[in-house]
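In the two complexes below, chain A is the common chain; its partner is chain B in one and chain C in the other.
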Partner chain A sequence: MAHQIVINSKTIDILAILMLMSTIMLVGMSRLKNCIWAYAFRSFILAWVSGLIAYFSGIHHIYITTGISLVLKVIIIPGFLFYIINKVKIKNEVESFISYTLSLLISCGIILIAYYSTQSILKFENVFMRHCLPVSLAITLVGFFVMITRKKAITQILGLLAMEDGLFFAALSTSYGMPLIVELGIFFDILVGVIIMGIYVYRIKETFDTIDTDFLRELRE
Partner chain B sequence: MSLASNIILPMLQIVVIAGLAPLVKGFINKIEARLQCRRGPSIFQLYYNLVKLLQKDAVVSETASWIFRATPYVTFVSILIITLLVPVLSSHVPVNFAGDVILIIYLFALGRFFLVLSSLDTGSAFGGMGGSREMMVSAMAEPAMMLSIFTVSLAAGSTNLGNITSTMLNTSIILLNPALFLAFAALAIVIIAETGRIPIDNPYTHLELTMIHEGMILEFSGRYFALIEWASCMKLLLLLTILVNTFLPWGVAPGLTFSGLILSFAVYLVKIGFFAILIVILEMSFAKIRLFRIPNLLGTAFVLSLLAIISHYMVS
Partner chain C sequence: MEILGLLLVPIITAGICVFITKHSISKYVSIAGSFITLIYNLILNCAIYSNQTLEGFHGFFYLDSLSILSTQIVTLVGFAAALYSAGYMEAELREGEFPEKRLRWYYFLFHMFIFTMLLVCVTNNLGIMWVAIEATTLSTTFLVGFYNKKSHQEAAWKYIIICTVGITLALFGVILTFHSAKGALGEIGYALNWSNLLKVADGFEPHLMKLAFIFILVGYGTKAGLAPMHTWLPDAHSQAPSPISALFSGVLLNCSMYGIIRYHILTSKCVGPAYSGTLLMVFGLISVVVSIPFIIIQKDYKRLLAFSSIEHIGIIALGFGFGGMYGVYGAELHAFNHAIVKSLLFFCAGNLFLKYKTRDMGNIMGAMKTIPVTSVMLVIGVFAITGIPPFNIFTSEFMVLADGFSSGNLLSIVFSAILLVSIILIFIGFIYNMFKMIFGVPAVTAKQGEANKFTVAAMSFLLFFILVVSLYIPPLLSKILRNIYDIVRNV
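Moving on, here comes the complex of A and B:
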């Protein structure tokens, strides 16, 4: 039984590390479509993790959140983002205020801070799933960083989605998820948020002929 | 036992690596050609090339110094020494006493250093360009390679590749160490960069302004060229062997029995074939990236390996 628990927590740790890798991909990739694929991949891993946690903990409502997140985050939201990209016909290149290599190094530093700052908490926690809390904090902070530094509206949406993933993962791994009604609320928030932002991206493109958010500061009649 | 480990095992390793290396590259070329709906050259084409080139005389530029003549031998011998430091079929390493994984990294660097010197030596414009690019790539690939191998060393408690393999074989739970996944991904990117495969360098072109490795060896001909080609094939196979036998050591024979070695050889072929097909799929699905995008990819590898070593320290 103890061996079983070790194997389970190791599996979840490995999936957490895969999520961390896909977040690094979000920072390091220079193509918009690859970033969206990275998001779909991370959401898939997250759904897998929540399925595993539902199975091991025996809490049934996590199955429902697993199913919803599988449909919503792996299929609908990436599909919608691809649809927007094709619709507004933008250049398939990520633009950033700072260079790729520098933003990679900064996000590496952020991840290190996440690991360092959760050290003191992990000492008192159980010895299992030790990568989960640092990784979820790291994903949240890197998503925030991506939101700040990227120029295009689409990549800012991807940063917001990364933050949401990180928070969801943190809740899942530390306290077996939030109550079902809260989870459902967050899911619909995200869905509606992404759709509204997508419509905004389209409108920005119509009005300013670019989706670079820098141009929003210019006054127009 | 001592006769077997002192004489037969080194010879076996050299025969396996030096003999199989052109076959692996030929296999990659053939599969890639088939996937592109071409017939492609025979799997054994690289052997024919080597035999033909070894029979020919070398043409050397008048301005070339002794470095140009020494380079093929230095490159080839440094790769041969690495062959003896890597566990191939058995977790027992022939020249265990001589050095560990740090020596391997430096021997790769030695061969590359002489290649770059010789590319500058003849004064050809392509050579200098290829050399400077090779140095740029390797300066970024080497730290990532070191850090990812050190992560494995930390997890296994030894810098000796033979000990690492046997530790990994004995304690299976260590394979589930999440830090090793990061190190594996970093090392895979580094191997692509070091062997000059497609997202970094195009191994099939000779007359393009984007070439890196081919630009460096443009001035070599005849038997010198044969040695360099053979060494680069062996480098690909050796790096794949290091990847396979440190991270996925299942099937490597712990001792030196005849049946164990045969089984280990069969498993080794399967694993190398699997990774060769992975390389083909990667080359098919990506275009060569621009030279100034290479720091981006290698920076990702560096960040992954740094996170591997730090998360190993912090969490375990």
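Moving on, here comes the complex of A and C:
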């Protein structure tokens, strides 16, 4: 049993690192389409982790959330984002207020901070999640960083989705996920939120002829 | 079961409204729906009065004095806003601002908004509360961008992005709370129910709970309009149609504050009231101070009112932070007072906009001669919101200040002193900006008279409550406020 837990937690660690890498890809890549692929990839890994946790913990409702996140985050949301960028005909570049090199450096700093700040909490944790909490915090913070430094509306949505993924992972690894009804509510909110934001990307493109949010500057004091 | 009815009425109303394209019918459906909700809530109010708490669906719904006050505010302002919408949207429609068929979406989202806010207040499950607060953002984004022009789209985009990020941070707080409670709780099923959590809150892991409260305060604080997370608020309030601005300011901010208070109670029981109380005080004071310069230099009257909301949500946070009997009682009374007065002011602002087609205060002169009824209401509202003695907000601000000064804690006394000075400065800014607009000789010869009778009815309805609470606090309200103090103090 103990042996199994060690293997299990090693697998989850590797998957966690893969998720973290795909989040860093969001920071480092310039083509919008690749960023969406990176999101789909991360969501797939996340569903994998959640399936593993469901299997080893024996809590059945995690299977349901695994299934939903597989359909929603790997297929529907990336598909919708592809549909939107085709519809508004965005060129590939992801523009940023900060250069790519500096962004990557800052992301590394964020990961260090995430590890450092969770040290004190981790003392009383089980072996299962020695890396999970810092990694999930790092994903959340990198997502936040992407949101505030990127100019394109679509990239901001991707940053937000990275934040949600990080939190989903945190909930999963610390407490085997939230109660089922709460998870369902959260999925619903994410889906509706992304659809509304997508509609606004389209409308902003129609009226401003750009989705560069730096041009949204009518409302100032 | 009784609680479910309260949620069903707005959903059914929304469902009916979406199928009615004629505004002459849908406005009455909308008014009727919100009136039934209001009456229903009054009945629940009486049940709480005798019974203290109500539960439903195995503890999924939970209603105590703290939540019933919030639902009371939602339904009261909701009814006034539905009444006002009928008149305001009618006038906008006649101007040709939007096609008539878009209005059914307006009423649909309006009632869904009411539903989500009621859900925030009546749910016992902290996870569902999070879902509901996020749903308030989603249901109102299209209302902020209703006119679909450049500035409206900008406001809507800012609104959904900033609020969703804030709420996402709050989700981390929810997860941490859940995690910190794991040791104390045992079984997992209804583990996020607030009433269950409260029973075992002294067994929580304190480090995690402290961290969780910070995330909750920043996250829900974004939605509540606490500075420095308030940046979406003036844009969304000024760009949304006036009835929606009234709901935002009076009710939505209050619902998010309600979420913070629930966690404040848990954290207080876990690590003592000083920790979360001090945080609430600091954010509250920052909000009050930040709003001063923007109120004084403001040119746009709807933005002026929006910044005033930031000030008042700050005062409510300060009252809970001080934490004494008068502080908590005053803060909740202030929430009620602010909701009705600010809604009245936004209705007046809507009427001004209908008449002059500008939000710039420099372009309006002598409103008293052109729209007398609105102007009289506006003068009363301005006096009430700035805390002039006969009116209700004076009472609640006085209570909060008295609690701060008498607490014996040096920090509270310094904060109260700063609050007192801020209130005076804001009073000057308000009077200076508003009275320039109300009095004087009308520059342009606009047609005299009010937009229509619905807007006047809505304003009179709120004015009635303002005057009643100014004269005395009804025993029902007073009992509920005292119960809230017991809940917050955890007696």
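Observations on the model:
By definition in this document, the second predicted complex is superposed on the first by the 217 of 221 C-alpha atoms of A that agree within 3 Å, B and C clash if a C-alpha of one lies under 4 Å from a C-alpha of the other, contacts with A are read in each partner's own complex, and residues count from 1 in each chain.
Convention: a residue touches a chain if its C-beta (ideal position, glycine included) is under 8 Å from a C-beta of that chain, and two chains touch if they have at least 3 such contacts.
What you see is a predicted model, and the numbers here were worked out from it, not measured in a lab.
After alignment on the shared chain A, the placement of chain B and chain C results in a side-by-side fit free of clashes.
When the shared chain is aligned, chain C comes close enough to touch A:203, but chain B does not.
In the superposition on chain A, A:175 makes contact with chain C only, not with chain B. In the superposition on chain A, A:36 makes contact with neither chain B nor chain C.
Between chain B and chain C, more residues of chain A are touched by C.
In the superposed model, A:131 lies in contact with chain B only, and not with chain C. Looking at the shared chain after the overlay, A:116 reaches chain B, while chain C stays out of its contact range. Within the superposed three-chain model, A:20 lies in touch with chain B and out of touch with chain C [touch as defined at top]. Between chain B and chain C, the shortest distance over C-alpha atoms in the superposed arrangement works out to 20 Å.
Common to the chain B-facing and chain C-facing surfaces of chain A is no residue whatsoever. By the touch rule above, chain B contacts chain A in their complex via residues 173, 176-179, 181-182, 185, 293, 295-297, 299-300, 303-304, 306-307, 310-311, 314-316. Residues 6-7, 10-11, 13-14, 16-18, 20-21, 24-25, 28, 30, 100-101, 104-105, 107-108, 111-112, 115-116, 119, 122, 130-131, 134 of chain A are the ones touching chain B in the complex.
Contact residues of chain C toward chain A in the complex are 125, 127-128, 130-131, 134-135, 137-138, 141-142, 145, 148-151, 153-158, 160-161, 164-165, 168, 171-172, 174-175, 178-179, 182, 188-192, 205, 207-208, 211, 234-235, 238-239, 294, 297.
Interface of chain A with chain C (complex): residues 59, 120-121, 124, 140, 144, 147, 153, 156, 160, 163-164, 167, 170-171, 174-176, 178-179, 181-182, 185-186, 188-189, 192-193, 196-197, 200, 203-204, 207-208, 213, 216-219, 221.
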